[in-house]
């Protein structure tokens, strides 16, 4: 059967050897099982993310996005632009909407794009989507369940959605304050979604770097509550959330005397394992804090 | 020669609201705020900054130009978008905060060495240099922002994590020498230079 | 006085379990031997088509003229038991007996006694009932008098004319339009609520003047209002000095408002140059006619500050305590005058609470879009002059602030022109009658202020509610003035903007044409609009004590030249307060009189003391207390079977004779149940319950004279929701009486 | 009630709440023929579900009793309950209306004796208490219900329960065979008094109405405080039945919000001020805190506000609450936000949160004749053909007093239409 085709925007953190490399690794099995084909946009550049604002300003940031959109439109016409990183998804989608909304901005962007001999159709409005959207809207929960061969029985998981996977766009029909889709995915994999009041708490984002103490206070809540609600691990759709929440646990332990050792994995890693993926295929070997429960299942 | 700041002051005299509307990303929304304060209560970094968004909007209307542009408040934005989705007047508050920060920075009024400003700058430079962010150089630059000695301390402090990431294959030491890059970096540089030129022209900061 | 043709019938229902717990035969016996009913029929389901048919047949074929229906409460099955051609009494055996008397055999006796008493009472009442024929007037005027030619008045006149009614419009100035003539534009009435709109006053004035159904008197005032709905005799004084007379059916008073005197606000720069009120700004805008707005000194305004709540919402007692409601919207509108003309003009509005309810929120947003700035603050000082300044506490930034402006606008409030305040009037007249010269002058002054110059003994204008506004006291009935057929509209009723005022005028006109129609049919006005009965007095028995004229809450009763009460039936609301007031009991309605109630009191079978069955009479207001008792029944709460309840139109209609008769006949106690009185009174006839309390406070001596404890008569404030409470009160009171022992009057009755 | 056949001299009033009853009665007491249709089984509407009215703290049923008395005394009004308007065609002075009448399963023979209710065991949510408690599936809507007739819930029709109700009725009033009926009639003018409904609090996600038991709406709070309500007038937390002593009121819950209702619902400020006095009445120690943007109480209502401000048990915080969290230890809601008067951050725990939910026109989502003109919030401004009018809170977010005022005006306008048709036909 023919595979569903998508233009793929990996984003900086998902490159080989980058902080979310294992995230992308875990896509493999899923795409095979669900007949999804992700076609990488040639020579894509950084989406400029929201944190680019200080030096970047408005237009340069949007132009960075515009270049990616133009490339995608040129090389992979008609294919929705999919990315695994919420920040990238947000930046691409925002760029598309802002350019659509203002013809003057569109003109300015195209003036700048001349420098790379690209042009964005003034009527360009190809959808930019997050990979979870593809799974939920194009595959559906039933479709996601179908290939499950190793249900994650008895694994208790806190679904941590975070910010940019949820706001300002989020998944259609989901609430900003209490989104359900991650929990549904967890259940789809046969695991148990624990009630979790820090679902949409900010992890500090890029500021985890520059304001470690302030950000780590938030991360402490996020991890602490997962423990309070009896979770074995935290699952997230966002590389930055994953990195922040995983990496800084040791820091927090040092400063606050906590004994955090909570694995933080991606939803794709859950699906991957449930679909029979190996530890390596699921990128579980990429965890700083190993997700033993998952590894045990994957190892079987 | 007169600085960008002096030009702006001269141009908008004492009407800071007009200045913001003309020069700040989404600045024309500021006047629509009705002072409900939902943004102030929604910010995860709320406890850490001096002025809440809604208060900054009031200060803009009250013409407190220096106070606003020199404040570190908008630099505390984590881009969580809570304020934006809850605002009953649908103000794109996150973007306005970024816009204000950027404008203050361009006028040279923003607080020097404000850590978030530094990473915002470093991130952008990193992104621009190769067209893609090089996480290692980016983080090293971050550690060394306060000079070599402090840098080594910072780096050592995070060493465990660093090694962990390397072991996990999520941080590549080789990137020091070579790393991910776009083919058309020079084009990207020209493109961005152009974009900035257009934006500055539009904002009267040429 | 019933014609011999009268035929009395009792119909007893045995449905709804009545037949199970009551001895119907016993009830029939009572109706026959004591009630003396000519026809007595029992039906297992009286309210169904068959039962009703049975009654209708008796009326049609058997000449039955008076019915006593012994079944459920008069509030139940009203449609089924409506027989327009005959007099009907209802004996409440269901909600009043079987549903509230405790179940079980040990209560059978008292339950049966209670039911039999209600049958006795029903039969006794129906004997005294006369079917009101009504009092149709052939020559009743349906012309509507509108006083005031502002937006409200013009709208009212147009509304009445559009419904086919003749209108007389009296305006004291030389032109129609009122305050709207001074305005540049008005707030938007409709979506998108974005921009100020033309007032349309000129167009409306032209329509009204051209309307053949509307007769406009300019430069005229109402010199006298006499008569009653359907026959108001209006004297209209014209500039020329000539007086013309008009006969009108009803009146809409739309006498408008004045602006609060700005010079009373020196701390806010009132009186200083370039500090104006909203009316002043309208004038400047009108003069500018769409061009740049200039100050009095001709300088173009480049910056303007609006100060909200100027001399309003003031709890210090110095200025207006209320909020005029429209001022936030008006300032927003006026700020856009500037912005629409030149977006570069600085316009700031300093407010405490920005009050633009409903769609006003759209207007607020629209002004923000236009660049009007809004500052939450409390203004402490305004100085006028060449360059004005406004000092205020910025409540958001939490700091004192001063901003300069070319012009400052104070949002001052509306002061109603409702005419003369009646307590003031009464006092002045009293003093004047005692020869006080100052009072005499004041009286003439007040007469000039008066809008209607009514010749009613209660005073020349309609009563004011609070702060000089002639508002209705009732939430559910916003047009209920205490002067039948006269309705207030617009800002003299309550502070309001133009949109509300025009809506209000249309509503008031509805009430006015209705009053005219009902007066012609001899029907009462609200709240007894169906009521065709009216009070008559046997003047031969009258002692001219004037209590009825004084106590009538609606000023319905004048005195004729011989100082006898002169009933203005069309002003009467049928509450019966006059009947309750009359010491010699000469006032009555065909279907509600001292006898219709008195005979019920007498009909009750009062046991001797040795039977240890006290009897308590309950006189219950039919709007609140009686429904509350019904509720107790519907909720199957139990209360003592020793009480006998008689519904009354209003506690004000209770004549003390009923109480003394009852106690004299050996009743052990009387419970009076009326509505809440005082500032937030609930009485739908305004003063009824208050009057009752006043009169009954004096009954103590009478009771002493009879050798009775004052506790044998109690008054209660009962709300319609008090079902559970009322049952409790009854049981407590009965216990208290048992404690006291039987009435010494027993056996003498 | 007469069986008067409608003509183009007849006024149709849609909605039997206080506005609809008023419009119908004012016109009828002026001699006009009126048909009053109400979709629920009883007249009275939302006001009959309020405990007290501001500012007098008097009881809605008091005015309802008077209006019902006016109705019983007036042959010009024909009342049809459980009836909805499904279509209107034609134009000013000459409308063809299609009515749908839902089966009540109880006919005119009902005496409200209550035997069917006793016979039935099945229970359904009590609409009169916003579903806070249950009633028998054969029930009288409430004590003041008009017509005073029971209703059988469709859920028990065709079940043994339904048969039990039928068997219990001595008067043959239970008719389980009733079907939906459709009827057509001609009228000259239509008054839409279709009223309002509380905005769906589930949509206001930050306040967690859908997640936290001790977050309720202002309408539910009315029922809690009413002695006729589910708790007999005690202010008990739905979560655990504990008495609430520290209550937060969140204003503009849905109103003045582009994400929800764009308009200001007008009544909520006064309603909340009234509620603080319920709290006082229930427990002299209990505290109320009002979180608001602007307190919008105009004209003489300001008196009420000033008195509440003097109440030491009531405090005001100028702030739109950002979010409500939960103290999982005691189920207390915790309010997070900033007092904008001087910028004070708070995280305050209360034992009950009352959302002052906004007014949404009841007709939202209902297909109205395209002749009807709506404003940006779907309130009825009037009709293109000029013969149909909005009245009460169907026309604008209004308090009871203003709704009645508006309904009286609407009656006048209908009479004008009737007059015009009459005179043109005469001519």
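For clarity, chains are labelled A, B, C and D in written order, and residue numbers in each chain start from 1.
As a convention for this text, a residue touches a chain if its C-beta (ideal position, glycine included) is under 8 Å from a C-beta of that chain, and two chains touch if they have at least 3 such contacts.
Because the structure is a prediction, the values reported are computed rather than measured.
Student: Using the touch definition from the top, list the chains contacting both chain B and chain D.
Tutor: A, C
Student: Taking each chain's centre as the mean of its CA atoms, which one is most distant from chain A?
Tutor: When every chain centre is compared against chain A, the largest gap points to C.
Student: I'd like the most central chain, judged by C-alpha centroids against the all-protein C-alpha centroid.
Tutor: Nearest to the common C-alpha centre lies chain D.
Student: How many angstrom lie between the CA centroids of chain C and chain D, rounded to a whole number?
Tutor: 24
Student: Determine the centre-to-centre distance between chain A and chain C, using the mean Cα coordinates as centres, and give it in whole Å.
Tutor: 67
Student: At what distance in angstrom does the C-alpha mean of chain D lie from that of chain A?
Tutor: So the centroids are 46 Å from each other.
Student: Listing for chain B: what residues touch at least two other chains?
Tutor: Answer for chain B, listing residues that touch two or more other chains: 34-35, 54-55, 82, 85-86, 89.
Student: List, in ascending order, every residue of chain D touching at least 2 other chains.
Tutor: Residues 206, 256, 318, 323, 340, 343 of chain D touch two or more partner chains.
Student: Among the residues of chain A, which are close enough to touch at least two other chains?
Tutor: Counting only residues that touch two or more other chains, chain A contributes 176.
Student: Which two-chain combinations qualify as touching?
Tutor: Those chain pairs satisfying the definition are A-B, A-D, B-C, B-D, C-D.
Student: Quick check on the complex: what are the chain D residues that touch chain C?
Tutor: 1, 18, 26, 29-31, 53, 56-63, 65-67, 69-70, 72-74, 109, 111-113, 140, 143-144, 148, 170-171, 227-228, 256, 262-266, 294-303, 306, 318, 340-343, 374-377, 379, 381, 396-398, 400-402, 404-406, 408-409, 411-413, 415-416, 419-420, 423
Student: Show me the residue ranges of chain D that touch chain B in the complex, using the header's touch definition.
Tutor: Listed in rising order, the residues are 206, 252, 256-260, 293, 318-323, 336-340, 343, 345.
Student: Under the definition above, what is the set of chain A residues touching chain B in their complex?
Tutor: Residue positions touching the partner: 12-13, 15-22, 43-46, 48-60, 62-64, 67, 108-109, 111-117, 163-164, 167-168, 176, 201-202, 204-207, 209-211, 214-215, 218, 247, 250-251, 285-288.
Student: Under the stated contact criterion, what part of chain B meets chain D in this complex?
Tutor: 34-42, 46-47, 51-52, 54-55, 82, 85-86, 88-90
Student: Could you pull out which chain B residues touch chain C in their complex?
Tutor: Listed in rising order, the residues of chain B that touch chain C are 15, 17, 31-32, 34-35, 54-55, 58-59, 61-62, 89.
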